[in-house]
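Next come two complexes built around chain A: one with chain B, the other with chain C.
Now for the complex of A and B:
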């Protein structure tokens, strides 16, 4: 079976990757850019689960973290941005009329 | 000494770490390209882990990622690069190297695994994953270039 030393290296590397990705996700302030880092955090968690011999958890984390969460965040950001633009447009239009 | 696990650890440290560094800073285009690199390299890491642990079932992770990774990159390319930040001029750094890196990395990982696995359904699965990765690499390169 697996060599313990290499196994430890894998576990430590994926743990450090998860910690770094989570920190980077916090330090980025723009939600759209945050989504990219967040997807990498999901991938890192999937590797961590796999290295800890829980590939079933990793599989679901892969599906949720790498594609679904960023998609929802980006769609939300887009919708909020459009609503704000429309509201601003209405306000300017009203001023011009009045 | 388990060479497969050592290769996976090397790929994780030397490949995915720098992609995180690039994905966390800079222009959106650079981030999307880095995310694409990360999904590709992690797919190869999963393949190597499956062989290293001697558990063929772990290959399913690589199969799922080879479908979802390019899909995620296409989502980013569609929603992030066409927003108001778009039009910073030129293609993001690393775009030109993307398809060659995908081709070389996939070939260098999948072909030895096929040789070790021997003929059978598992080899077909590996080849399908390789083909999906190549197709995803070409599609995402085109999407990042042309928006």
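Now for the complex of A and C:
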């Protein structure tokens, strides 16, 4: 990246993407969807860190922010939903769903 | 403390923090400028120890004690997760039902697994040379195994991944870091001092203790993430019942 103008364009573009993805993550109210948006946000942050010449941080962000955290959120959502379905099933006397 | 007093304390704290932040930001070097007082010194110190990746030199040499703290935070939080997410007396385990995954996804997952694993191990092994290191590579290695869960199913992951081994790996990684630090004391220098020969610049065996500490972190992080996800997976898929 020799041309500083190209650098600036990349930095501005990734900053805008991060701002948009972060806003979308806040405005989304469904945790499962939030996890997917969070994953995109992690990807955007990884790109931003890389164009700001911090590839070490970019790699961490890629692993933790776009893979690990969303997976943990999705698994938690799944556990909560399963628990809730079971409780509702018992209350209505219906058959329990897995 | 009354609500009013608490708000007063909060306001005082917020104002003081804001004042300090503004004062600090006003004296920060301008963005993208040529003046990097900290960076220049860090690079110089890294080169003196023949460590090509300055970030690793900061993490595992110049600030090795900070990294011990970070590694221990991960170790302690995973330990906490293991305790909190265990199966309690009034809960039972059920076999998760097998699910069908599209054939293309299965093929992609099986093809991506060895590549991801290799990339993770490469990133760990070259921590002292190129961007990345034990932490980043460890996470990649751990996520590689979980492609089995995504692309095939949970029993496939369980067959390949023996959680007990990774629990031992987690403890061994943490212990290796602490003991490498003691090596510095035994050599007559300080705790976590870089006492090994620095080697040839830009080769795998350069940087003295940096590659050793980096490998210890790699083993710890990879094992910790596997153990962490194992607990989340068993809660989400196997354990049910119990009080709420």
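Of note:
Definition applied: the second predicted complex is superposed on the first by the 92 of 98 C-alpha atoms of A that agree within 3 Å, B and C clash if a C-alpha of one lies under 4 Å from a C-alpha of the other, contacts with A are read in each partner's own complex, and residues count from 1 in each chain.
The rule we apply is simple: a contact is a pair of C-beta atoms (placed from the backbone, for glycine too) under 8 Å apart; a residue touches a chain by one contact, two chains touch by 3 or more.
Fair warning: this is a prediction, and the values are worked out from it, not measured in the lab.
Shared-chain residue A:32: touches chain B; no touch with chain C.
In the superposed model, A:72 lies in contact with chain C only, and not with chain B. When chain B and chain C are set side by side, the one touching more residues of chain A is B. Judged by the touch definition given at the top, the superposed model places A:83 against chain C, while chain B stays out of reach. Within the superposed three-chain model, A:47 lies in touch with chain B and out of touch with chain C [touch as defined at top].
Of the residues of chain A, those at positions 55, 58-59, 62-63, 67, 71, 75, 78 touch chain B in one of the two structures and chain C in the other. Residues 53, 55-56, 94, 96-97, 123, 131-133, 135-136, 139-140, 143, 146, 225, 228-229, 232-233, 235-237, 240, 244 of chain C are the ones that touch chain A when the two sit in their complex. Of all residues in chain A, only 1-3, 6-7, 9-10, 13-14, 17, 20-21, 24, 27-28, 32-33, 35-37, 39-40, 43-44, 46-47, 50-51, 53, 55, 58-59, 62-63, 66-67, 70-71, 74-75, 78, 81 touch chain B in the complex they form. Residues 1-2, 5-6, 8-9, 12-13, 16-17, 19-20, 23-24, 28, 31-32, 34-35, 38-39, 42, 45-46, 49, 52-55, 57-58, 60-61, 64-65, 68-69, 71-72, 75-76, 79-80, 83-85 of chain B are the ones that touch chain A when the two sit in their complex. Listing the residues of chain A that touch chain C in their complex gives 55-56, 58-60, 62-64, 67-68, 71-72, 75-76, 78-79, 82-83, 86-87, 98.
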